[in-house]
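To start, I am sharing the structure in question, which I have written as structure tokens.
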Amino acid sequence: MSLPAEFHELAKRVNNWGRWGADDEIGTLNLITDEVVREAAAEVRTGRRVPLALPLQQDGVQTGMVPGRVNPLHTMVQINQELFGPGTVACSDDAVTMGLQAATHWDALSHVSHSGRLYNGRPADTVTAHGGAGFGGIDKPGHIVSRGVLLDVARALGRGRLDSGHAVTPEDLDAAEELSGTKVGPGDIVLVRTGQMQLCLTGDKQAYTFPSPGLSVRTPEWFHARDVAAVANDTLTFEIFPPEIEDLWLPVHALDLVEMGMLQGQNWNLEKLSTACGELGRHTFLLSAMPEPFTGGTGTPVAPVAIF
Amino acid sequence: MSLPAEFHELAKRVNNWGRWGADDEIGTLNLITDEVVREAAAEVRTGRRVPLALPLQQDGVQTGMVPGRVNPLHTMVQINQELFGPGTVACSDDAVTMGLQAATHWDALSHVSHSGRLYNGRPADTVTAHGGAGFGGIDKPGHIVSRGVLLDVARALGRGRLDSGHAVTPEDLDAAEELSGTKVGPGDIVLVRTGQMQLCLTGDKQAYTFPSPGLSVRTPEWFHARDVAAVANDTLTFEIFPPEIEDLWLPVHALDLVEMGMLQGQNWNLEKLSTACGELGRHTFLLSAMPEPFTGGTGTPVAPVAIF
Amino acid sequence: MSLPAEFHELAKRVNNWGRWGADDEIGTLNLITDEVVREAAAEVRTGRRVPLALPLQQDGVQTGMVPGRVNPLHTMVQINQELFGPGTVACSDDAVTMGLQAATHWDALSHVSHSGRLYNGRPADTVTAHGGAGFGGIDKPGHIVSRGVLLDVARALGRGRLDSGHAVTPEDLDAAEELSGTKVGPGDIVLVRTGQMQLCLTGDKQAYTFPSPGLSVRTPEWFHARDVAAVANDTLTFEIFPPEIEDLWLPVHALDLVEMGMLQGQNWNLEKLSTACGELGRHTFLLSAMPEPFTGGTGTPVAPVAIF
Amino acid sequence: MSLPAEFHELAKRVNNWGRWGADDEIGTLNLITDEVVREAAAEVRTGRRVPLALPLQQDGVQTGMVPGRVNPLHTMVQINQELFGPGTVACSDDAVTMGLQAATHWDALSHVSHSGRLYNGRPADTVTAHGGAGFGGIDKPGHIVSRGVLLDVARALGRGRLDSGHAVTPEDLDAAEELSGTKVGPGDIVLVRTGQMQLCLTGDKQAYTFPSPGLSVRTPEWFHARDVAAVANDTLTFEIFPPEIEDLWLPVHALDLVEMGMLQGQNWNLEKLSTACGELGRHTFLLSAMPEPFTGGTGTPVAPVAIF
């Protein structure tokens, strides 16, 4: 089995290998220039902040569908421990075990490979158990701050949330862009809302997980044409799942991460953001979505914040 | 043994219990109003970003001095796994185990208690193994974004780094504030640089850990007088360690976290920030330092970014 | 709320506090003398070995019912890593995170307290996050080897497995003892088979977990009368669950562990053991069920083996 | 670089591939027949038990030399939690994260490969992050119980412990065998004492770790000639380290695990065993050393017990 010709044609159209040099490990994040950030900061007019991360807890979004991607296990190693004797100041400390992609997260470029290759044509076997991602690890970007644009597809299509079989198309993105009143441009971080997160928030994790609406295999071109820096959404799988094309699994991951070199975010809670955008009458904001710098990480939990 | 009268006098002068209501769990973070954030965003003039987190890796800052505060163990649960058959798109996934206070982190208000009490007078036994911090957990703030001010004490005193026995005094902070060219005010997040991080970066973790320069027991009043929202520095212990007053261990933790309700940050890498401030000729910036929302966490890793 | 008079009466009848001295931390394991072990070894006549542990894997018996008792997360930290250069000998290493009581396990005496007391009257607060069990930890026994006796209650009652609401009574134990053809005596480790494990082995973990047959509140006296060293069975909860007496939760745990000082084992796979006993026509064997010596552990995974 | 001719000659002489069939995954453990176990049980004459595992705790033997092989982190997830309301029976539960080879352990046959091959000629890439060891995992043996023989090399050579540069030779094993008063034979589990563990027990972990005495590259033939089932010793590295032959790292691992298919045990505490053997005047015993059945594990903690 190998990937179909259809995939390779799409791949050719969005491929960014070599665009920022043979040694580049951060892909489209290169598009976030100082100027982009400076202009993004001008989006802050009210000071209102909307956090976008799900709680990190054992009762998290993972249901066991993805092996090893465990919800956070939060444990205590000290509780009010009077380390220096009775009656002294007391400390509590804790520890956690979790899958780096378990909750609200960024995929690193190294998260996915196809045909033995990672982004920029690097061999997939640079990912090892010894050091994790030797290339394209989540420690490489350093910072992710830019203008954020909410493309509220669910709202643009007049739905509370998209049906589980809805593949978000370029036309859907056009409609949401029109609703947003802005034009998506170079260096932007686009947040695509499907409304699927509502299922998770009301406790039906199975329904949230699968089947799931998500981005169509046709969307990478849309993001590529606009030179978007990164894309995140409010689903577990990011792309429509099960896939649109039979036996072509995770094509959007392969196009975004491997071909384009564009980071993806998943399990972002965009519900309050949607409300805030509605109230403020705009869909743009300063977005800080800093990766935790796990050396060799193929992903990272992230606590993004939209600042209006 | 109990805390000396000296401590209780200091405590009285900085106590904020009840100031934001009996149910308040976030303390001085209340001082970060929309207006503060709006003005903080105006600090962004160049778009330059400086990340402040140490790498998250097994070769981290912890030496075993604090029991259970383990460096991150990064492990792989999938490596280029062709989940849907040979020749399909392949995924890599990872997991981590770490102390929440192991690397660059925020202490939650629940991290420390004294005399059986947490911030706002709540009983210390609200911290349990079952749920972690039932009050004052790191999941409570939601967001931490404000104006950041670097108080570069090492530079203000004309040193590469402070001696290991140097307690940073209010007078030192005054000197650094004067160097900064700004006035620290309500809602600011103050980053105090001692230069101690250099020892860690050059690989001498033992020297970095102990003995360590750090904040004097007299500094909480300084921060309280200016209504600072939070304070972080570039040491493992935050305060001078061993302490200034014999047998009075961790008094600054107790004053900041319990009495004042002010979050502390530790192990922040302020070296590149110091350079940037020198180059740009200013010590203020927009700071995003989002806590990972661990439910019941008494601390959290944080990946702060200063935006100029 | 406090424990009912009925409980305290039962407690009085099985209490062993002080029996082996005020400092004793291993309770009825004291009954396993050298002589008992010597005679137990004489049970080995064929050399046949039957292991009793469930596989340790993420797809384990825990369903999330007990907070924090997570199934094993097995991760790789090295895979065929040629640590000393290409072409050299290559190593694979792994790590695990798991609840100590997640799979086939022993409860330590410190696993349960009531009315603020552990076994031997020690204060419950000797269990801390700092060091785990300060008294009665699973590191204390050192070794657990003795004669094992299978009391095959399901078979004795002519059932494949007991109904979910079946409380195993002293009369049931009598019947199984009669079937066994032996007399349970001092120092024996008794394995009580309900057949409930079949539900787990056929994949219905929810049905396995709850509701569950298990030992009746009347059984501790039976074990006490015979001076049994330890008891294990093939259920998640050990005792009938939900309990026989309304609002009296986990009374058997409290009687066995706290009052009697007798270790309990849970999630032991007794199916093949039952078959072997049937084939060999006897229900006694040498049992090695060594605790992993976790310092301060309140439980431990165990890989028991019956040797015939 | 590849392995020298010298290695391949040794390999040929001890190779067991195909001996127990092409599908065999347990190697020399096949030599432990029912008859061997039956006779081993006859070694039990006093009932005295000697446990051989080190405590499992954060202050363990690992110093960080082997990446990812972390000492046990023991954490609490419940402490005297009255799950069913105030005044009810209270539970304590704990969790652990640890390297499977961190403390007293067995290496699985899959722990080491060379030239792309595991035991029985299977491809090394059957070890994956997804499932761990797909061949030769520690879950395969099921049980490890046999006659144990202590070869007390340190005592036989009249030393407290061997020098750090001492490679234990076949002649040393002969001397220890003579001291033991028995003949090592098929199915035996041999425990080789160097005395190195004393360094660990007195707290000098660095000295314990490296350099270390251990088995010579000439010993696999000795074990092969006697059809030994498994070998364990009281060092971190098992074999002499650094190695006897320049640039030939871990040759004993490769010969024992890959060529012969013989399990190795490391970090076994043989000090009290040595004392017991001296007191009892014999060096043979029934040994139970059950692997914890981690599915796909390349190693496992083990709590062995010698029964005299």
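A, B, C and D label the chains in the order they appear, each numbered from 1.
Following the convention adopted for this analysis, contacts are C-beta pairs under 8 Å (C-beta built on N, C-alpha and C of every residue); 3 or more make two chains touch, one makes a residue touch a chain.
Note that the structure is predicted; figures quoted are calculated from it, not measured.
Mind listing the chains that sit against chain B and also against chain C?
Correct list: A, D.
More than half overlap in residue numbers between the two sides of the chain A-chain C interface, or less? Answer same or different.
Here the answer is same, because the shared fraction of interface numbers exceeds one half.
Centroid from C-alpha atoms only, then distance chain A to chain D, rounded to Å. What do you get?
45
Using mean CA coordinates as chain centres, what's the chain A-chain B distance in Å?
Those two chain centres are 27 Å apart.
Using the touch rule from the top of the page, what residues of chain A touch 2 or more other chains?
Correct list: 67-68, 70, 73, 75-79, 92-93, 95, 97, 128-130.
Quick check on the complex: what are the chain B residues that touch chain A?
1-3, 33-39, 41, 44-51, 53-57, 66-70, 72, 74-80, 83-101, 110-115, 124-125, 127-129, 132-133, 139, 142-143, 145, 247, 249-251, 253-254, 286, 288, 290-299, 301, 303-305, 307
Can you check the complex and tell me which residues of chain B touch chain C?
Spelled out, the residues of chain B in touch with chain C are 67-68, 73, 75-77, 79, 95, 97, 129-130.
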